[in-house]
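Here chain A shows up in two complexes: once beside chain B, once beside chain C.
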Partner chain A sequence: MEIPYTVKPRPDTGLYNAKLGIWLFLASEVMLFGALFSSYVLLRVGAEPGTWSMGLMDLLVGAGNTMVLIASSMFVVLAWAELKQGNLAGYKKWKWATIACAVLFLFVKWGYEWPSKFKHYDVWLNNATVLQEKFDEGYHEVASHGDHGDAAHGADVEKYVKKIYTTRFFKEESKDSQLAFDDAWRNGTLALSGHINAYEEAQIDVRITGWKADAGVSEDAADEALVKQLAKQDTEDAAGLRLNGGYLREKTDYDTAKRAEYALGQAGFTVALSVAGYKRVEAHPWMWRTKRATEDIGGKPRVSSIVFELDYSHHKGIITLDAGDIKRLSAYEPKHSTFFGIYYTITGLHAAHVFGGILIMLYNMLPIGLGLWHRDREQFTNRIESFGLFWHFVDLVWIFLFPILYIL
Partner chain B sequence: MSDSHDSPTIPDLIKKFYFVGGVLVVGTIITFVIDIMFALPLALAAVLGLLIALVKASFVVAIFMHYKWDKKLIWITWTMVLTFFFFAGMMGLIMWAEGDVPKLDSALAISTGTNEMPTIWIILASLLGVALPASFTVFTVKMLSQPAPVEAAAPKARRTAKKKS
Partner chain C sequence: MSATSEPAKTAEATEEQHDEHHEHHEQSFWRTYIFSTDHKVIGMQYGFCGLAFLFFGFCLIATMRWSMAYDGQAVPFVGPLLEALLGNNVARGGVMSPELYNVFGAMHGTIMVFMGIVPAAFAAFGNYVVPLQIGAVDMAFPRMNMASFWAFFLGCVIMMVSFFIPGGAAQAGWTSYSPLASVIPTDGQTYWLIGMVMLITSSLLGAVNFIATIINLRAPGMTWLRLPFFVWAQFITAFLLLLAFPPLEAAGILQLMDRVLETSFFLPTGLVVGGQDVDVSGGGSPLLWQHLFWFLAHPEVYVLVLPGMGIVAEVIANNTRKPIWGYKYLVGSVVVLGFLAFIVWAHHMYMTGMGTVISAFFQTTTLLISIPSVIILTCLLVSLWGGSIRFNTPMLFALAFLPMFGIGGLTGLPLGFNFSDVALHDSYYVIAHFHYVVAPGTIFAIFAGVYYWFPKMTGRRMSEFWGRVHFWGSLIFMNLIFMPMFAQGMAGMSRRMSDGGATYSLSNPDNADVTVGTLSDTIMGLNVSISAAAWAMLVVQLPFIVNLFWSVKHGEKVESDNPWQATTLEWETPTPPPHGNFTKEIKVYRDPYEYSVPGAKEDFTPQAQPAK
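Right after this comes the complex of A and B.
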């Protein structure tokens, strides 16, 4: 079956079919992104003062990525112009340039912007006094700016924290920002922002405290399950452990301990986990949530303390946070706040469009896609024009996203 | 652009493409500079930022997407006009609900001498919210049920026959 009007315009619409199709698709896209944009505005306007972290966005990266996308939008239309003139080599040149720009855009987004946020944390404490002590400890050196000879304390630190807070949530100081900050400072609802440099991770003892013969598991099967969890696989040890109880593993890691607890629980054992001690781990962990640090293991937290490097402290504000003081801990991931929720939704949907575009462009560069050029040049040119319309739309969305996300 | 009537030649077009590229780059730089150099209130920054974005977007649609030469084609125009209305209606409703328009010293408040929103506005706004997607649906259905093009006589006859039965 031959598809009609791939080259000639259909008399009643005045367009070749693919072009009308792509415009209709773009119309549906306008409504899709329009719904998200208006949701963003709704959430932005309705946000409580001091909850919209727009000051965290790196404007330079945003502007750079805008330029990259603008360039790609221009290259794609130049590729089409080359085809119009019958120049396949010119088309390939511009198309590769477009693909390179699109890949660069996604690389910046998925390789730098997002991952750096997943390692960046806010920590809320459950005590205003402790919070102020931590601010003092972390910022007393940088807050002084050398004006005071010695390091600054108290009011100077408060001023420094206020500046960071205002830039992040309000950009400029105003009556609203003043009120919101005073409130948050007094009530201790401010977050400590920065990176986790190291932490004290629990070393866990796994102890067998009993075995229920009536749990529906045979002795042999229970011993077999036990052997699997032993460090040294020895059947005699297993029988002894089952009858008398005792330590299965000592100072093991969380995953091993939890796995043993679950598997042995299935085999009718009762298992007790306890923290034998803590081992320091030097790492910048990804995507931690509150429970990852504070989970209770036999009465002690999984992480006893966190070595936290505060933002804007020029690497001097390194403080230690006890797990007991932590109310909430979250990386800058979607669940962090409404702001990051809508931020990842919109930029994620846009990035998915860019990714899809790259796949289509690659198809149109491969022999299978180029085959059409050799069969019907005009149809291929139209196909590239239709793709170009989609690609310009992706650029258009970003043109609006840039001021909304990075500036407002 | 097999379907355009008075479109420029390709070399002319390429010149225009470079010009638009320049406009987009300059627009981005202006946005960037305004944001870091001047301490603008949020509302003004929003208006300026979106205005520049709108100018950039118009150039992309007009030149890159050849809309300048396709706009006589009523299909595209209506499709896009309706989606724009849809978007405007959606934004309008949100601003109405969230922005507390009457509480500001707006022209409305001054002209009516009251700080309360007249009920008719609220009714009109909700009607707009229903009417816009509805009109888009009607338009799409109408467009898709158009008879096949004139040149083929036989399918047309079949279609009319179907309608009668």
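Right after this comes the complex of A and C.
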């Protein structure tokens, strides 16, 4: 049994099967990305003024990546052209060049663009007073030493921040941007943007308050569970704790405390957590949740305050935010806003296509893929041509992505 | 070439045996029957899974019908099973809880549409019959074909597993409207989305394969207007799947992001769930989900219906012994229908407040699409005129398809006009309407196809007597189930209520006297009769199931390779067709339905028979 037109094109359609297949596949891909682009349009058109945070992209990096992909599209054609002339060495040279471009593209995305966003935060505060207070506090330093290029001076601070706000949400100053800014400023819906430099996290005491004998766990098993949680592996202590209660651990960290609470709950204990004090942690956390900052442990917050460095303040606008003042906090991650949601979804899906392309290209460079070249040169050349069509499509998607996410 | 020339047949048979023998050396059991790349084996795998899921989906609704007729009472027979399998918080004492009703309801829709009818009508018959009818040795991409089936299978496994996770399967209906679907705390919806992505991938691979096969692998002489209508129907269906499914995939990815990464694509600003603000950014659009979903789900209706129409056309042409009336109109209609199917989706959304201008546009396109549908139905109906009809089981099912599909189609018109849809939206009228289209419509066509092509697949016929029992039982109970639902819907009964509308009826604010419901006793009483008809329907499927398996080994052997004396190419193969299908060169000389050609020796002239 031999399937016709796997290599030679069918005369009346002018296509070999794989080429027809890849075009059909691309048609469906157009619908997939088309639906996502349509979603982008609908979400953007429907966004409240001052919520579509698109002026944050690094235009230079995006443009560089665009050039890298365009170059790779050229190399993939050159590789195919070499095969057409029967030159396997030339094919390999250009194919490696294509792979190098693809890897560079992904490296920039995964290694730089995305991770730098995961550490960058917006904080919305509970009311306008707190916002304005913190705002004044933060830019006070900058204002008094304002000699950094376009950085602000004295009363110009508000104007300066308005400029940041306007570039971010409105591209240029207009009546709308003025109204939106005034509104956000008055109502406290403006977000402070910057980095978390440090935070004060609770140190937790874990206390055993009782043990239910009828919970279906034997005394030995309960003691065993207790020993696992004790700092010192002491069985006598365990029995005492079970009978009389008392402190299991003092000033331990959150994760340990929670794990102990869960494991001991399973073994029939009742456990109380209380905050003994706070410890300053110097760190730049990734993708923190609001819940982490505002969670309540025995009547006290898990994080008491955050040391926050404001954007464009050149390491001087450092403020301390009480956890109680925070309404919402989010890194520039998908859940930050619908803009970042659609940004990560489309670029993520595109990156997945690039990654898949790299795998296919590597396959076609390894002996297992090159076997076809030695069996049937024309079919292998066709295969590279079909892949080239796919690769151009991936490139084309980015050509549309770049302006809608970085420029428009 | 009919199988009248005895020596040729014997020669073929010997060759076939030789071939089979040869292949046994080459391919293991696993490669031949499980991980096969042969389009016929894949077709039968799809068919078996599709029919099994149709049955399972029916069992779900049969269980739900108990809850609607006798709310709060333990389900007989299956109640203890539910409690044992799914836990006593969803089925305490064998009583179906409203949550379980929601799970079954959502999964009934999902299973019937995506795991039952699409695989059975499109993938199974398409895989088995299309390459044979166009004279191809296999599909254009056999390994991709296998990948398509296994992606489907994996998707089904994920869907089935989701029944048994804590909290059960998806509960937000097969339409999975957000924000409801995004905020339900159990994991069922997440499994549903991942399962759907697998099923969509499977459809995508299948659709590419079908289109490439039909365009590039037609036998010499098989021009576009010599394609049997079934192939045309599959061709257009494949385009619908290719282009309509990806937007649902996009929607699925977005909803998955909403559920897993807490984005707000479909969650509006200020969303409150259970009295509490949800910690999300907001700014999303619930309407966006509906647009993306129905952009698939309306073309999906034609995906469900077109293969059925194709099967019915084949069976009617063959059993009236005359050409299909208006073949070219059929082809033209199906092409126009495929195009229009993409621009009618928002007629499911009249009640969302998307605006009168948009409603007017979609109302217009919706009524336009009824034109090609009516042309197809009329052509098939007129084809009966003057035929010498053979009333065998496949033909009975095909004949019943016409009025049943007609009822389904015509009752859709009041739903297409937005002024009447306002009253009928989300009522039992809608349920009755679309079930008339797909249940006695497409499912009857599937039955017709099974009885019609069974002899080609196995070399034996299914029992004619039990076929008739199956047919008459199904026809009667199908109507007893769905006809009363029109009345219920018009009386105002809403869908998706686990007690069959009892609480809704009593809690109507216009109804001060709570002892008398706004729905009359007759309307509420229909719940019981509909449920009884549904269970009877389940019983009359048993003859079919037994008949299907029994006939594989014990059915009456066919006397030739072309037992129905048909004209199309699938009957030119040995029975059952070997790997590679044809044992001779295939060339096509004539149109697909040359029955009763004046002056011909027999009343059918196969497509592969050379002109004199």
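As a convention for this text, the second predicted complex is superposed on the first by the 391 of 408 C-alpha atoms of A that agree within 3 Å, B and C clash if a C-alpha of one lies under 4 Å from a C-alpha of the other, contacts with A are read in each partner's own complex, and residues count from 1 in each chain.
We take it that a contact is a pair of C-beta atoms (placed from the backbone, for glycine too) under 8 Å apart; a residue touches a chain by one contact, two chains touch by 3 or more.
Because the structure is predicted, anything quoted here is derived from the model rather than measured.
By the touch criterion stated above, A:S274 is placed in contact with neither chain B nor chain C. Looking at the superposed arrangement, the partner reaching more residues of chain A, out of chain B and chain C, is B. Using the contact criterion defined above for the overlaid structures, shared-chain residue A:G46 touches chain B and also reaches chain C. When the shared chain is aligned, chain C comes close enough to touch A:L36, but chain B does not. When the two complexes are overlaid on their common chain A, residue A:T347 makes contact with neither chain B nor chain C.
Shared-chain residue A:L24: touches chain B and chain C both.
Look at A:T320: by the touch rule set out above, it reaches neither chain B nor chain C.
Shared-chain residue A:S330: touches chain C; no touch with chain B.
After overlaying the two complexes on the shared chain, residue contacts for A:I70 are found with chain B alone; chain C is out of touch.
The residues of chain A shared by its contacts with chain B and with chain C are 10, 13, 15-16, 20, 24, 27, 31, 34-35, 42, 46.
Residue ranges on chain A touching chain C, taken from their complex, read 1-5, 10, 13, 15-18, 20-21, 24-25, 27-29, 31-36, 39, 42-43, 46-48, 51, 289-291, 328, 330, 333-338, 341-342, 344-345, 349. Contact residues on chain B toward chain A in their complex (touch as defined above): 1-3, 10, 13-14, 17-18, 20-21, 24-25, 28-29, 31-32, 35-36, 39-42, 45-46, 49-50, 52-53, 56-57, 60-61, 64-66, 70, 72-76, 79-80, 82-84, 86-87, 90-91, 94-95, 97-99, 140, 146, 149-151. Looking at the complex, you find that chain A touches chain B at residues 7-16, 19-20, 23-24, 26-27, 30-31, 34-35, 37-38, 41-42, 45-46, 59-60, 63, 66-67, 70-71, 73-74, 77-78, 81, 84-85, 171-172, 378, 382, 385, 388-389, 392-393, 395-396, 399-400, 402-404, 406-408. Looking at the complex, you find that chain C touches chain A at residues 136-138, 140-142, 144, 204, 207-209, 211-212, 215-217, 242-247, 249-251, 253-254, 257, 261-265, 269, 279-281, 283-285, 288, 291-292, 295, 579-580.
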